[in-house]
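Have a look at these structures, which come just after this line.
You will see two complexes here that share chain A, one where it goes with chain B and one where it goes with chain C.
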Partner chain A sequence: MMGYAAIQVLNALSFSALLLLTGLGLSVVLSLMNFVNLAHGSFYLLGSYIAVHWLASGAPWWMAFPVAFLATALAGALLERFPLRAFYARPHLMQVLLTYGLSVIFADLMRWGFGAQILSPELPEMLQGVVFLFDMPFPLYRLFIIGAGFAMALALWLLFDRTMWGAVVRAAVSDRGIVETLGIDTRRLFAAVFMLSAGLGGLSGALGAGMLAAYPGLDEEVLILALITVVVGGLGSFGGTVLSALVVGFALTFSKVWFPEFANLAAFSAMIALLLARPNGLVAPPLRQL
Partner chain B sequence: MPKHCQNDIRPGASLGRRGLLAGAAALGLARPAIAQAQPLRIGMVTSLSGPFTALGESMRAGMQLLLAQSGQAIAGRRVEFLVEDDQARPEEGVRKARKLIGQDRVDLLCGVISSGVALALRDVVTEARMPTFLLGSANDLARKAASPFILRPTKTNWMLGDTAARWTYEKVSKSKVLTVGSDYAAGREYIGDFAEGYRRLGGGIGRQLWTPLGSADFGPLLTTIASERPEVVYGFFAGSDAVRFLRQWKEYRLAGRVPLVGTGAFFDQEDVLPAVGDAALGAVNTFHQSPTAPASAAFIEAYRATGKPLPGEFSTTGYVCGQVIKAALERSNGDLADWEKTRAGLFAAPVETAFGPMPFDPRNGQAILDIHVNEVKRGEDGRMVNTVLHTYRQVRDPGIPA
Partner chain C sequence: MSLSRLALPMAGLAAMAAVAALSGDFQLRFLAEILLIGTAVLSLDLLIGFGGLISLGHAALFGSAAYAAAIAAQHLGASLPVMLGIGIAMGTAVAALMGLVILRAGSLFLLILALLFGQIVWEICFHWREVTGGADGLRGLPPLSLGPWALGDARSLFVLAGLLALGSLGVARSFVASPLGRALIGTREQPIRMQALGYTLFSVRFRALLVAGAMAGAAGSLYPFVNLYVGPQSVHWTLSATMIIMLVIGGVGSLWGAFLGTAVYLALQTYVGAWTDRWQLCVGLLFVLTVLVMPQGLASGFLRLTRKGRTP
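This part shows the complex of A and B:
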């Protein structure tokens, strides 16, 4: 019984890590730049496809993750230059329409380029093993995802909260004009943040491919999970995203353990109740308006 | 924008949209009048977007192969093949079927993967008195939704669920079967028919687990299954759910320790097996399709010659559907005007198909099929192959109980 409970907690943690990985990329752009990017799922799926092909190519396996990060960051940079940059100042509804349209185009492009069949990566030998906890097996790959998810969250927190660059980004979000008068090019700054977000999307796709596989339509599924994570956590709050990934991950996992037939109903009812109780999310960001 | 696909069978036609565009362009050109019988217009409704995209593309490729082999002509009539996308949504399927019938004036309809779409089309084609070769597999299509205008050259879910129960009871275990499946119409039928058949034989069903369609993570469920220590697990998943379940089945070390039995689509040769490595090795499934069934050998060779992998259910079904359409027309000398007569001609003798000899049940137009018990084995080139262990001959859906 101990083993059973321990493994289910690890199952929940590994799913939380996956939510965290996808939610963070979305949350960076949403919370720092106040930009709604519904094409985030496309970056995720692109990263998954890159990882699947990289791992099948025989090149060093660990390179799949930086390669997926860089390739999707590059795609993000191109996209930021045109057309996203022109939409930063537009209302959210315009951003939603634009990025949703883009995601539909990308879905078709990826189906054309990578095919419609379901692909899954060949994991390296060393990640295929299991660890035994009280006689119950738990896949090593999931421990790897847990580690990667929380390491990435820590790295991002350090970057935005503890470095000068992070301080400048936050300042530019509050008052772009003042930051410009200091001689800082905020256009490049926002371009860099967007690249980081796209890269995170790709990296999470590369890591998640071992768990979710890659196929047309996954982009939307992942986007919905990421949106839930960000909204439950509180729009514009970094710590909230981390906390919410844990809450959503545990809710979805334990609803599958206790009432598998009604897993989605139970988990999402809990989240609606949560949002009714705390409409601004788990961690409401402080209002910065003057 | 109409997605007409005119007899397009180059390798790479699976690229979908590109093929569709090329087909649409070709349609725009004026066609020279050919001095022969009226062309035969075949309309296909299938899924070219949405969750069954890959299956729909396979179905179309199977039909295109049969048409290419027939020189784009059946019973002396040139064939025009028009494909429409139903997006796996019933209302969209109905709209597309109405368009093919009313606007494109097709002579017959075929296709459909989603049973929801198939059931929605039933009244549309019956009212329009449109000869239809319908490929969904919900049991009701051979029972209360049967129609004199619908022929069914494929299986019903019962045919697979019930044979799986017979095999499991006879060869695997007589008790403590745990069932697990996707909670939607097809999953309920595959699991329900299995459980009913297994209990009727005297077997004991243990815990029954259901998961919503489209589950991201099976870890919690597999941990629950492991703690139940079942004698055997019977399951049904399709598409991405099947791939995730099987991969995680291996990751949680259940593969090789607990026997796994399922129905065909769970281990589809084209859609699922290539994506799961050796995770399904040793699993057993009941299916009307198998790459090692002798009847399908010629089809498999031709299909692979077009650059495709080993065919699975839907490419074979598309091809077989074409074979049945061809037989129906040849037996009535290319004339569909008297559908009653064409139907009687088809019922008179079995059709030789890639699923084996196929007689039809005159009560409901449902094919009577050989159902194979496949084991997933390692083939000569290391690939996983559904390999026939046993064949239940001429399985007939009970239809509406008299």
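This part shows the complex of A and C:
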């Protein structure tokens, strides 16, 4: 029983790690640029497909993750140039419509290019197999996801909280105009943040491919979970996103254990209750009221 | 004034009669589907176009009414007024429940809450196998009837759907012109000033959602009888997203644009889908182009072409 519980906790943690990486990418664009990017799931799925094909190609396996990061960041940079940049100042409705439309296009392009079947990556030998915890088997790869996911999250936290660049980004969140008067080009800053966000989406997709596989439609599933994570956590708060990634990951995993038939029903109801109890998210950042 | 007011419905009725007399079975069923889904999109337009409430759970209203009508038809027979009554009641009830959940928070939260709510309804329809048939849905429904007349053939279904669409268009027009509709536009444009004027945002939006729910429910109640089938995809959030796409292609805030957008989308799906697998790419490109080039949708594009100089 002990072992079973420990395995489920680890399952939940590995799922949370994926949600955290995807959610952070979405959250930083949403809170910094006030931009809703519903094409974020496409970056995730693109990263998954890149990882699957890279791991099958025989090239050094660990390169799959940086390659997925860079490739999706590049895709994000192109997309930011046209047409997203023109929509930063538009209302949320137009952003939602544009990025949802783009995600429909990308979904079909990826179905065209990578096929409609479910693709699972060939994991490197180092990460195959299981470890035994309390006499229960647990896939080694999921431990790798937990480690890599939380390490990346820590690195991001250091980047945003401990570096000069992060301070500039945070300053631009609270007052873009003042940052501009200091001679910092916030347009380039925004482009860089968007690239980072897209890259994070791709990286989490590359990591997640070994757990969730890659198939058409996964982009939407991941997008919804990431959006829920960001909104439940509270916009613009790093700690909130971490906390809500854990909450959502654990809620989805354990509702599958306890109510296998009505897993999503239970998890979604819990999240609605959470949002109704705390409409500004778990950790509401101090807001300037104008 | 009264003549021009009557001219449009008359033209609609005449066009319907012509189409009903001339079209084949397949086209009539296809047109009936366009008109029914178009009515649901029209009700979504009330929320998005006039209230600024982007609901990503609208299929829950339409689909739950479709399920309610189908389940009732299996037990009570498919009498038209009963079906419509059950659909409208179900749509309104689900809208009321939804309103209590989603109308508490701002734009992005509303979107997510509506999505979560819709997916909960979907989960119920998908997993409650004894009642809803689960993934298989419900088949073998009795054909629609009104007293002694059977209304199951394609022609009567098309006429019914057309009458419902015209009626809904009329309801939507008078709703938009009514004090409630004006107040709804006010809550979109200036929520703080509207509150200062004594309006409660929640109650204005809630009543608008009830109207939209009743309309979507009426459309949903007839939908199962077009193909004598209802399945869980009629509740799924992808249908909600599709409705938004249809609405935007047609024109947000233009009431008849809802039908235009639905027709364009379903025609692409049916005719381009028969010719290439990439019809979703076409839909996506059309959608993005609409957002980029013609954010008011095809309806206003048409208007601009046909009445140059005159303000619509």
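Keep this in mind: the second predicted complex is superposed on the first by the 288 of 290 C-alpha atoms of A that agree within 3 Å, B and C clash if a C-alpha of one lies under 4 Å from a C-alpha of the other, contacts with A are read in each partner's own complex, and residues count from 1 in each chain.
What we mean here is this: contacts are C-beta pairs under 8 Å (C-beta built on N, C-alpha and C of every residue); 3 or more make two chains touch, one makes a residue touch a chain.
Keep in mind the model is a prediction, meaning the values are calculated, not measured.
> In the overlay, answer first, second, both or neither for which of chain B and chain C A:264 touches.
The answer is both, since A:264 touches chain B and chain C.
> If you stack the two complexes on chain A, which partner ends up touching A:272: first (chain B), second (chain C), both, or neither?
A:272 sits against chain C, while chain B stays out of touch.
> Let me test your reading of the model: by the given contact rule, A:108 touches which partner, first (chain B), second (chain C), both or neither?
both
> Tell me which partner A:11 touches in the superposition: chain B (first), chain C (second), both or neither.
In the superposition, A:11 contacts chain B only.
> Of all the chain A residues, which ones make contact with chain B and with chain C?
Residues 108, 111-112, 261, 264 of chain A touch both chain B and chain C.
> Would you pull the chain C residues touching chain A in the complex into a rising list?
Those residues of chain C that touch chain A are 48, 52, 54, 101, 104-105, 107-109, 111-113, 115-117, 119-120, 123-124, 127, 237-238, 241, 244-245, 248, 277-278, 280-281, 283-285, 287-288, 291-292, 295.
> Touching chain B in the complex: which residues of chain A?
Listed in rising order, the residues are 4, 7-8, 11-12, 14-15, 18, 108, 111-112, 115-120, 122, 128, 130, 136-139, 141-142, 211-213, 215-218, 221, 225, 252-254, 256-257, 260-261, 263-264.
> Taking the touch rule as given, give the residues of chain B at its contact with chain A in the complex, in rising order.
For chain B paired with chain A, touching residues are 14-18, 50-51, 53-54, 57, 183, 209-212, 214-217, 219-221, 223-224, 226-227, 239-240, 243-244, 247-248, 251-253, 270-272, 274-277.
> For a test of understanding, state which residues of chain A touch chain C in their complex under the given definition.
30, 36, 83, 92-94, 96-98, 100-102, 104-105, 107-109, 111-112, 220, 224, 227-228, 231, 235, 261-262, 264-265, 268-269, 271-272, 275-276, 279
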